[in-house]
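A, B, C, D, E and F are the chain letters, set down in written order, and residue numbers restart from 1 in every chain.
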Amino acid sequence: MTKAVIPGTFDPVTSGHMDVIERATAIFDELVVGVAVSEMKNERGPLFDLNERIEFLRVATAHVPQVSVAPFSKLLVDFVREQGATAIVKGLRAMTDFEHEFQMAALNWRLDRRVETMFIMSAPDYMYLSSSAVKEIAVHGGDLTGLVPPVVQAALRKRFIA
Amino acid sequence: MTKAVIPGTFDPVTSGHMDVIERATAIFDELVVGVAVSEMKNERGPLFDLNERIEFLRVATAHVPQVSVAPFSKLLVDFVREQGATAIVKGLRAMTDFEHEFQMAALNWRLDRRVETMFIMSAPDYMYLSSSAVKEIAVHGGDLTGLVPPVVQAALRKRFIA
Amino acid sequence: MTKAVIPGTFDPVTSGHMDVIERATAIFDELVVGVAVSEMKNERGPLFDLNERIEFLRVATAHVPQVSVAPFSKLLVDFVREQGATAIVKGLRAMTDFEHEFQMAALNWRLDRRVETMFIMSAPDYMYLSSSAVKEIAVHGGDLTGLVPPVVQAALRKRFIA
Amino acid sequence: MTKAVIPGTFDPVTSGHMDVIERATAIFDELVVGVAVSEMKNERGPLFDLNERIEFLRVATAHVPQVSVAPFSKLLVDFVREQGATAIVKGLRAMTDFEHEFQMAALNWRLDRRVETMFIMSAPDYMYLSSSAVKEIAVHGGDLTGLVPPVVQAALRKRFIA
Amino acid sequence: MTKAVIPGTFDPVTSGHMDVIERATAIFDELVVGVAVSEMKNERGPLFDLNERIEFLRVATAHVPQVSVAPFSKLLVDFVREQGATAIVKGLRAMTDFEHEFQMAALNWRLDRRVETMFIMSAPDYMYLSSSAVKEIAVHGGDLTGLVPPVVQAALRKRFIA
Amino acid sequence: MTKAVIPGTFDPVTSGHMDVIERATAIFDELVVGVAVSEMKNERGPLFDLNERIEFLRVATAHVPQVSVAPFSKLLVDFVREQGATAIVKGLRAMTDFEHEFQMAALNWRLDRRVETMFIMSAPDYMYLSSSAVKEIAVHGGDLTGLVPPVVQAALRKRFIA
């Protein structure tokens, strides 16, 4: 039985994340979506708090029984081992992703060689998609249909319009 | 008649921006330089306020009659349509630019397929030039001749020295 | 009136090339598809001879009146000037394309500054598509529907199966 | 049970290939090393013929029971399906690899969405290693210890020195 | 006699920095490690103050007599000239580094053509290593042996655990 | 005293090569331009034979006393050691160069850690320039002034026109 962790901030989860999660279930028996509590990327903090981000993922992955969702606030390799998993799965959209992900994978390999990182390419349709792009569109009232799961679309509409 | 938008923050406009604007006039009948009101890139906000940035561009493009300058604070594709334009023009300096611009172009294409993004390569002489580099040099009193239009050179000198 | 040249070997023309040609007609009044006679890329020579490659393009662009097709065997900038055009249009699929195209654009700019090179991003659906991939699939009898214009699909089937 | 194919020319297999094969066995229950019969990359043909390349792989993977070796001369996705596998595994060394592999993965995804491509990063120690580099060193009598499996080291010594 | 400057923030110095410093002493007679006072990269300011960062470097380079350490808060090319040096040495880890460093080198070349920038590749073992990664590992109590000089390891342990 | 090797095929030497050679003399006391006898890159063999390529370099570097020219047909690290040099110097033009050069540098570092590879960025004016581009322009009778040393310009004119 193989178990993998898909880590991220998921602020919020997009259709691109969902595509990677669903495709990874063809390879792994069990998948844990690991939601990072703290996020270094953005000085202003996440748009949605940890509980909201986890809830969106639970609703969006409810139809995939082998997927569970859990928060983490430690070194990723420690979280992976603690979950009894042996692999990290990451989606790659483009070159910049690749470079950053490559450094993270090499660092994690240095920290714990028993944890393997595997990459899945984004579907071409989602190559332009990021959580930041989604938030930018939402702020300006653009159409998000197909870019995020329905639960996220509703939450963004409520946040920025209502 | 073809009309295009050249979007950016222009904080401040550099000789590299001017080169792209001037070269684009050989292709398009009318050009709107779109100045983004809000800028996500920098937590500390822009160095020059919106009115200053627009004024610098108006002075620097005064000799090119088919160019106008306008602020925008909405989705870029909405601004383009509102201006009656059908294309976005962006200058590319290097790989990192390319990757980011590629995602923006694909996202805009997803939001509105009637708006086409076209890219012009930076002249080799301006490949190293960015608004941030210009500000860094200005802070340390370096020579900006040839790197920015005269109106910007004067403003930076006044801001950091006087 | 603006006139541009779209250069290439087109051995054979793919749906990705067609997408770039069709999108460029929204910007330029007139387009010349320039078919390179000699091709340095492949030691074994092209699969289709010059006349076939031109014929495929003529059939595939018949519905777009502002497009014409012409062979060339000189420096691209000389061909562009000779055609009375002021711009070169190239489609970009990915990073490797970008790097090579960037060098060509800079070289052409050095040879003749009156000729501007503009780039259009491939639609995400065609990012994986190249003439070589098409030939590889054809050799192995794979399905080419949607990857090439019908005239090319028929020619490839005849070449590799009949 | 998950089964994957690791495709390549393996002319000859290097320690970098071996590292990817061994690490993939931690994820997949069964692995087929698919050796491409024809190789487009090199006009002069492979250094070792198909039987030699397969034999080297069999000797080098003899200690890993879940690995088998098989030649293929059809579209990769057809070979994968024929083997009853659902995934392709590729090692990534660097940016150029990434770009090429990305196009192949997207193309294969277009040809058959039931076949997933997954990537494993090269160990940092093997990032410089390629079959061509190995052959270049062998031609000049350089030391290959650690760069190729012993069976390949012996064959290269015999080929270039004896 | 050739003298070079190795500039950076060194917050804190890593084993990757040390590797570049030590290898550069094989080429240059004298090396000045230039520690940037202000750092634009991080809004929250450096983890270690200027004096700590300089002290770590002095302890870590004490065994290399031709290396000295000095702070700077001016344009790098001005600092280089002031030190009587003729070259800047930078370590390159990966593509993203390359792109940024390329722009800085071209900018510095534009500001002063008498100052040459030279690049040394990171050893493969340090390609994943950055000051940020080190801080991230330290925050979570991970093992830093081999990733930073002993003086830094002690300081990080004291900062985050004691 | 530091001595370095600048290796290449130099078929023929361009103004970009000359720029790197001249700038390297500011760092190294002695420079050997190493001309590779055999060239894997091109199936059709070099345009100029080894003696011509060496002669062009000797004429073009005659004004720089610390530069010598020598052929080599062994592993580069062996040639470097044989010449009593401790460094390899390479010019970098762009991303594709970088990737290939990075692999070569890592490989050479693996073969002999006493030999250091250092990189100098191309001047922006020569970023588009390669020996292949020069030959392509020469074949079509384009103007080569400033792109190659006068001795090469004369030889190309004689080869392709006379």
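Quick notes on this structure:
Following the convention adopted for this analysis, contacts are C-beta pairs under 8 Å (C-beta built on N, C-alpha and C of every residue); 3 or more make two chains touch, one makes a residue touch a chain.
Quick caveat: nothing in here was measured; it's all calculated off a predicted structure.
Comparing contact pairs by residue number, the interface of A-E is reproduced by C-F among C-F, A-D or B-F, since over half of the pairs coincide. Centre-to-centre, using mean CA coordinates, chain E is 30 Å away from chain F.
The centroid of the Cα atoms in chain D and the matching centroid in chain E are 38 Å apart. Chain F has residues 43, 95-96, 99, 102, 105-106, 109, 124, 127-128 in contact with two or more other chains. Contacts between chains, counted with the stated touch criterion, involve the pairs A-B, A-C, A-D, A-E, B-C, B-E, B-F, C-D, C-F, D-E, D-F, E-F.
Residues 40, 43, 74-75, 78, 95-96, 99-100, 102-107, 109-111 of chain D are the ones that touch chain C when the two sit in their complex.
Considering their complex, residues 95, 124-125, 127-128 of chain F touch chain B. The residues of chain D lying in touch with chain A in their complex are 2, 23, 26-28, 86-87, 92, 95, 98-99, 102, 105-106, 109, 116-121, 123-124. In the complex of the two chains, the chain F residues touching chain C come out as 43-44, 93-96, 127-130, 132-133, 136-137, 140, 142-143, 147.
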